[in-house]
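Sharing a structure below in structure tokens format, with a few things to ask.
Every chain is named by a letter (A, B, C and D) in the order it is written, and numbering of its residues begins at 1.
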Amino acid sequence: MKRLMYLLREAMRGLRINRANTIIGIITTAFTIASFGVFLLLYHNVRTITGSLQDQIQVIIYLDDAITNQDKSALELALKKETHIESHTFLSKEEALQDFHQQFPEEAYLLEGIGDNPLPASFIVTIAPAPQASSHVSTLATQVKTLSGVEHVRYSQDWVERVTLFSSYLEIGALSVGIILSLASVTIISNTVRLAFLARREEIEILRLIGATGTFIAIPYLIEGAVLGALGGGLSLGLLRGGFEIVRDNIRDLSWVGGVQASINFFPIQMSVMLVMAGLILGCAGSALSVYGWMKIRT
Amino acid sequence: MKRLMYLLREAMRGLRINRANTIIGIITTAFTIASFGVFLLLYHNVRTITGSLQDQIQVIIYLDDAITNQDKSALELALKKETHIESHTFLSKEEALQDFHQQFPEEAYLLEGIGDNPLPASFIVTIAPAPQASSHVSTLATQVKTLSGVEHVRYSQDWVERVTLFSSYLEIGALSVGIILSLASVTIISNTVRLAFLARREEIEILRLIGATGTFIAIPYLIEGAVLGALGGGLSLGLLRGGFEIVRDNIRDLSWVGGVQASINFFPIQMSVMLVMAGLILGCAGSALSVYGWMKIRT
Amino acid sequence: MIQLFHVTKHYEGCIALSDLTLRVEKGECVLITGPSGAGKTTLLKLIFGAEFPDDGQILVQNRNIARLRSTDIPFLRRTMGFVLQDFKLLPHKTVYENVELPLIIRGLSSFDAKRKVSESLRAVGMDHKRATNTSVLSAGEQQRVCIARAVVNSPIILLADEPTGNLDPELTYEITELFKAINARGTTVMLATHNRQVVEQINGRMIKLDCGRLLTDQGTIS
Amino acid sequence: MIQLFHVTKHYEGCIALSDLTLRVEKGECVLITGPSGAGKTTLLKLIFGAEFPDDGQILVQNRNIARLRSTDIPFLRRTMGFVLQDFKLLPHKTVYENVELPLIIRGLSSFDAKRKVSESLRAVGMDHKRATNTSVLSAGEQQRVCIARAVVNSPIILLADEPTGNLDPELTYEITELFKAINARGTTVMLATHNRQVVEQINGRMIKLDCGRLLTDQGTIS
């Protein structure tokens, strides 16, 4: 009991006395975790965005104005049989014209002079999200093209590939940055604790002389490291949240990426907790590293 | 001479002995300056990009197909007289069709069925870049609309305002972030030096007892701070450069923002030097803060 | 109790102890004298496990210090008391907390601890300063707190390095009497000193070192 | 040379010096004795400007220490030598560098410095360890380096606090002779000590403190 009390009191005293050190530790930890967090946040959001984009891979099949009802049913049947297709909707010539007016009100004059509706009817086909989605798209396109009554098939091959590529780039990027920054965190915290250590080198020597075991000496430092790391993690969460809100507000104000804004989200609560836990564990690990490293040198 | 040598040797010894401290100091300084640098870099590039975008504010005046040559010359004369206009070019119906085919090859079928060329001839007017450019645009548009032979005037009012707004947002953002991070830099370096100080507290006390003046004691720490800050600044420059190259490569690979990539640039050399100098000065200031702050307390 | 066989300890460019053989029985009181830099502190540090010999064997309570695992050293130290020449008190703690620390490390109950700490502080005449920070004490006061800390847990072996260097003759007399009393209770005492008064007052076995060599070893248990 | 008028120094919960009036002439050698905690160190620290009195005036070389600007204190200190009870040597420097430091601070030329450092190291018998780091020295050796550092620049006033606490009788004799020689050259010496041998050997004016009060002040310049 008395021993436990002593160890806890020592840890708190350490944090209080080396206030400068403590603050530096927390700030550096926060900055490191935050830099990692920025990547995580970016990754998190790009994942959800590309996810929702991949949900929307579409193939548009424009129909000949002169298509027979029979050909149309045959085409619809073929689409229904295709397993990679999630859904398909029919867009008549009139609906297409309405759509055009809605989407491009400024360009509507283009079609004004022309008496006839020049827009074709179409099937809009949504591909089921899958790892190989882009290849399914291209095979489907070539198949459908040969059917009678189909005037034109449109899909954006590169765009699909680009999204997939970007997503995988980001995955690799986030992973490598994550590893590097974790190492940096451990190093920084370990250095911070080592400094606390150097400042109290004599104290430790004295404790050893009195007969304290390594564990007894180390525990306050481990607690210190954990508290430091956790506070750093918490602060980084605050920084990230603040930065995130600013970015989101700006994006909303400018409504540049109109379609995207709805899906920019902060971490879910579990991930936030994990970030703080990560700080705690990194802090503890950093402490352990320098405490035990240091004790090994000394008798 | 001997004194100078001593002071320099002491500064170097300080950096060497407190290696952990030194490294932390450099890293934290580097991170802080780099975070500021990211904003500066962003600001620098957005400035140049919005600058070049503002160069390209255009008003398109669509002409009636039945415009008389007289009306056309009158219009052209009016445009020539307008001072805010940088240049204007005439685009005939045929050229408009060619342009459309080139820019939207996929949508070209839209115009195929129609015998007549539905696209109007137009004047493309470039507005001179100016702070009030967007208001000039709207006044010009309303003026021109009333002229005979003009069918339609198109310009993107919001878009222009948006760019101006974003640019000013960024300016405020960069400034406030810059100030905050400069303070953070000074604090961190000052704390780092204070730690070096605490570790050598006894040495300083001894020097005072022997009769060393405050200046004599402070100089090695000031040199240390300056070296730390300069190295931190240099490292941050390296970090920024590395990060910048990665971002640029990715942007180029994905060619998402095709038009923009050419204008993304790193700092010019003078700005890089200034960044390192900023580190040096911040380091020195941080040192001075903690050295003199500490000496005031003690006799 | 304590046995050294042909112990040698070099430091960079100087020999602190050379080929020292020594045997101290349980309950003995041994004085170590010799000029400055003779190796007295080194000898005590070797017995305490704070330094390791380059050569030779050291047995303390039948355990070979040189072969002891580093995790066992703390437990050996808990049976010994040590008064260091440079005090080594924790500077941010009070007199009371410093003397209490060896007991906390041993996990003693709070009630027992209180009594023992007060007792040993009274024995060195520092009870009135129990709440003072050790860093502001005078040298003699620090030395006495050090002695209180060394004896608080009734150690089996008490090692004291120049324990009266900063004390006036009256206090030196009292402290020497304290050491004699502790020795009389069965504790093995080894005491390095320059002080003639202490030597005369204890009047027991005296070892004389010079330049790391055993010069003389006079007298046995009185 | 040194004058104290009704000087009082309190610390939290204890009076270190109370209403002390004292006058030391140029070239005098004054011994300060008294039990542990009497205020000897405090008295010397006040004269050195390392502490400030709560009350009263202190004149050193006709300057009022209590009123001195803090930027002037270093220059006053350069005329004094101080042997501290806890040594205060720079731990990461060699013996030679430590003794040289007061000369570097005064901006002495390298050639002069070398001669002076060697001289004073020889005087305390530490010339053979000039390249050793001070942190690994034995206590007596550290004390001697401290003395060498205090006398290296032929100070006008020499303050020594228990300078022989860790030295054997032979060295104590030699160091005491060194102090006497320095005093004979005109330096004012104030020496706090518990050591009877030193008191007898110097045989000069002796001030006795107890609990911060001046108890006796016997003898004048011999």
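Definition applied: contacts are C-beta pairs under 8 Å (C-beta built on N, C-alpha and C of every residue); 3 or more make two chains touch, one makes a residue touch a chain.
Because the structure is predicted, anything quoted here is derived from the model rather than measured.
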With subunit A ignored, the remaining chains form one piece
Intersection of contact partners for subunit B and subunit D:
none
From the centre of subunit C, which other chain's Cα mean sits the farthest off?
B
Centroid from C-alpha atoms only, then distance subunit C to subunit D, rounded to Å. What do you get?
29
Starting from the mean Cα coordinates of subunit A and subunit C, work out the distance between those two points in Å.
63
Can you check how far apart subunit A and subunit D are, centre to centre, with Cα atoms defining each centre and the answer in Å?
68
Do you know which subunit B residues sit against two or more other chains?
none
Under the stated contact criterion, what part of subunit D meets subunit B in this complex?
48-52, 70-71, 73-78, 80, 82, 84, 88-92, 101-102, 104-110, 113, 149
Which of the residues in subunit B come into contact with subunit D in the complex?
1-3, 6, 13, 17, 202-203, 205-214, 216, 299
In the complex with subunit C, residue positions of subunit D that touch it:
11, 13-14, 33-37, 41, 85-86, 132, 136-141, 144, 162, 165-172, 194, 196
